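Here it is, the structure in full.
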Amino acid sequence: MDYVIVKILEEPKLKNPILIEGLPGIGLVGKLAVDHMLDELKAKKFIEMYSPFLPPQVSILEDGTVKLVNMEFYYWIGEKNDLILLVGDFQGITPDSQYQLAEKTLDIAEKFNVMRIFTLGGFGTGGITKRPRVFGAATNRRLVEELRKYGIIFKGGGAIFGASGLLLGLGMQRDIEGVCLMGETHGQIIDAKSAEAVLRVLTRILDIDIDMTELAEKAKETEHQMSRMSKIISEQKKAIERQQEFMEERPSYIR
Amino acid sequence: MDYVIVKILEEPKLKNPILIEGLPGIGLVGKLAVDHMLDELKAKKFIEMYSPFLPPQVSILEDGTVKLVNMEFYYWIGEKNDLILLVGDFQGITPDSQYQLAEKTLDIAEKFNVMRIFTLGGFGTGGITKRPRVFGAATNRRLVEELRKYGIIFKGGGAIFGASGLLLGLGMQRDIEGVCLMGETHGQIIDAKSAEAVLRVLTRILDIDIDMTELAEKAKETEHQMSRMSKIISEQKKAIERQQEFMEERPSYIR
Amino acid sequence: MDYVIVKILEEPKLKNPILIEGLPGIGLVGKLAVDHMLDELKAKKFIEMYSPFLPPQVSILEDGTVKLVNMEFYYWIGEKNDLILLVGDFQGITPDSQYQLAEKTLDIAEKFNVMRIFTLGGFGTGGITKRPRVFGAATNRRLVEELRKYGIIFKGGGAIFGASGLLLGLGMQRDIEGVCLMGETHGQIIDAKSAEAVLRVLTRILDIDIDMTELAEKAKETEHQMSRMSKIISEQKKAIERQQEFMEERPSYIR
Amino acid sequence: MDYVIVKILEEPKLKNPILIEGLPGIGLVGKLAVDHMLDELKAKKFIEMYSPFLPPQVSILEDGTVKLVNMEFYYWIGEKNDLILLVGDFQGITPDSQYQLAEKTLDIAEKFNVMRIFTLGGFGTGGITKRPRVFGAATNRRLVEELRKYGIIFKGGGAIFGASGLLLGLGMQRDIEGVCLMGETHGQIIDAKSAEAVLRVLTRILDIDIDMTELAEKAKETEHQMSRMSKIISEQKKAIERQQEFMEERPSYIR
């Protein structure tokens, strides 16, 4: 089995496409933002990507059918730029898998001539703020200067983990430029306010219009859904672990 | 060494075969059910599968000989459908190995023209019930509707982990349909009652007859055997860990 | 880099060779026994095997030079049977690496036409005994019957972990027969008495003569050396971990 | 994606080059020493090496741009010997990745005809000393004798972990000689004094001159920078872990 399987459902012709990544991360800021874009723009799914690097499980959908854990690419036809949105419920579960999945994503970006990547995430401060700021980090200084105008704060220090970091770092090796937008957030909550702050900046940059009314609602729903799923899964988890104790009374010396 | 080694002992011609997976999982429900089917139907082993993705160990059998940890496929010649039963003492021990083992299982399913997969498991609720219900999740809505008639409950939410989930999710990529039947169970006990509930539904679907008398007996025996093995192995385990302390006084910084 | 690198230093012609494995395990019984054989028989090193599956480290020898962690094969010319002795300070550090290293060992066994494998280990009981018994498990019943005559106890239940188990289980796939001899031992101590018990049985089976006088002495020395090394290494370990805290203040979410 | 990507920026002709490794380790002794050499000698970067075996992250630089985690090689034209300096912020994060990265480093060493390798590190004692000694371990006795003259202490026991050990142990397999110089250090602090002790010996061996004035200053700065970064990253870390709890309420039975 290949490490990453890419299933192309459609091959749209895209003009000056921009890739926007919204995989789960700090405060679910990036995921909330891009999931919301996807709904509001009515973007269309055109690629599915699954992988042994994602958790070995299927989700049970509302109609009783199952869905393999995956990452999905959607496209949207814009005026100046078409958009590609990358969403999913998980990131790669080992360090090297994060690299493999990012490389595959960049292969797709190159195939569709993506000229710029935005990765979205949260910047956890441990504090609560009414007007979350948006921090940035980019692949080159020109981009830093260009984006400062939108009120994005660029300052050194720290690191960006996972897809949001690697799509930039590995993208640089292929001369694809990119920027990570990070919404200020507490870190311990699912933060629709921070996602909105990021989206407001991003839509200004992209010169598109997105209604924010339902974002907070969706965040609440997400939280609710998660806590429900979390309860069910937590029972399954305890049960599985108990079972493992039975079956795997084996030494822990091999790790 | 290949990741999964498939040893075909016999190549039976099978008509409309259905694959039934009973690897260890929650409450050992699936394993108990399929192990019991195998005994009652006097199914015949025709494939062995071993792998570095399974624990690196051999079991010591009653006659003093050893057996390499593996997964085994049995077949049974039925009237309408022949059956393939998949059993084993372990699942893959890393996330990606679960994918690799499921893919190899699907290769075998395709080779023998399997038209449908049933994966069996438990659904842990943390509660005890006298009449365990059977929950389901399937690869398509038609199947959901078809199986609802047997009293199987389909409802959204949650996830199915390991082989029971992946055989469905990866099977869908190959247009093999499947369903997971999950017996309601506490989760912290080996549950013959739940296995019986699942088997009763499954045999009605398959239109076959299986005597349940010895199932509870076998579950007790399994529990007994496991607790005995668990004691022996627990001593070995402590001993091995002690030895590791001696030999591996090395930094834990590399994981 | 290959997963296992085999460096053949010499290609002796061996008659009816028997492979004896003495890698570290419970009570260091197997290692003590085979290390002692090697010294007493003045066996000659002919193969080195190193691997990224072994710990990433070198040992510092008494003369200030370093030695890469490895496994080593020695041969000894006997009357009826020549012997191949397998020794080392570590086993593979991941489950799948145990398989890879065992397979490579079996490649070597086949190359030199090994007809039988003895794997040596301890059987931890948690108790202390004056006259440790020797337990066995073999790849076929004929061998079980043959070896019972030497007072080896064969009884079912439990499992054999690591090289001692896999060389038998994977050897069976190649039609190489083998037996694991396990000396009864407490499990929490380095046990020269148990190693002696195993050696006494083994030498009777092999019909060779080995002086045991220095075995207990060596076990003491081993224990002493280990506790000294363990102290030095423990300091290094603490230091490295501290350093890691500095450098790797990174999320533990990827495992 | 390859396991290690080597990006050669320039192909200098080097005469009798010596490779000096200064990756992070105990007390950051080796890293401090080689980072300082690099600054003082104004060595020039000519190779970048990145890898899925390094943490999946980018650092945010002072100017708001990002940098992919990597290892870097610098060269310096000397009188008798040219030098190649290997630096980086991380070592490989799994045991086998340490081997892979060391092998790739040795490929580069061979390509540029490196005749000797110095690996630098700390030797943690748990004690504090005013005049840290320098310990050594080498690939052959001739080298041990040669280097003893510089006051380096060679004594047996212990082990050298990670790149500092493997570059020697794997280098031996390619007939590249090498030595590890370890500065005595407490182990729990970033130790500029120990780095200076190692550098003083090394510069005498290499017959070059390096000003030590700024070394202590840099060590302080390093400590300061790290503690600042550590604070930022620690917030991100907590936030990410919280997020994972939400998204990954999945059983821990697969490791």
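First chain written, first letter: the chains are A, B, C and D, and each begins at residue 1.
Going forward, a residue touches a chain if its C-beta (ideal position, glycine included) is under 8 Å from a C-beta of that chain, and two chains touch if they have at least 3 such contacts.
Everything numeric here is computed off the predicted structure, so don't read it as measured data.
How much rotation, in degrees rounded to the nearest 5, is required to superimpose chain A onto chain D on the basis of Cα coordinates?
C-alpha superposition angle, chain A on chain D: 90 degrees.
Over half of the interface residue numbers used by both chain A and chain B, so same, or under half, so different?
Different: when the shared numbers are divided by all numbers used, the fraction is under half.
Taking the mean of the CA coordinates per chain, how far is chain B from chain C in Å?
Taking the mean C-alpha position of each chain, the two centres sit 34 Å apart.
Scan chain A for residues touching two or more other chains and write them down.
55-57, 92-93, 95, 97-98, 159, 161-162, 229, 233, 236, 240, 243, 250-251, 253-255 - these are the residues of chain A that touch more than one other chain.
How about chain D: which of its residues touch chain A in the complex?
It comes out as residues 1, 5, 7, 50-69, 93, 97, 228-229, 232-233, 235-236, 238-240, 242-243, 246-255.
Residue numbers of chain C touching chain B in their complex, please.
24-28, 55-57, 89-90, 92, 95-100, 102-103, 122-126, 136-141, 144, 154-162, 165-166, 168-170, 172-173, 180, 185-188, 190, 226, 229-230, 233-234, 236-237, 240-241, 243-244, 248, 255
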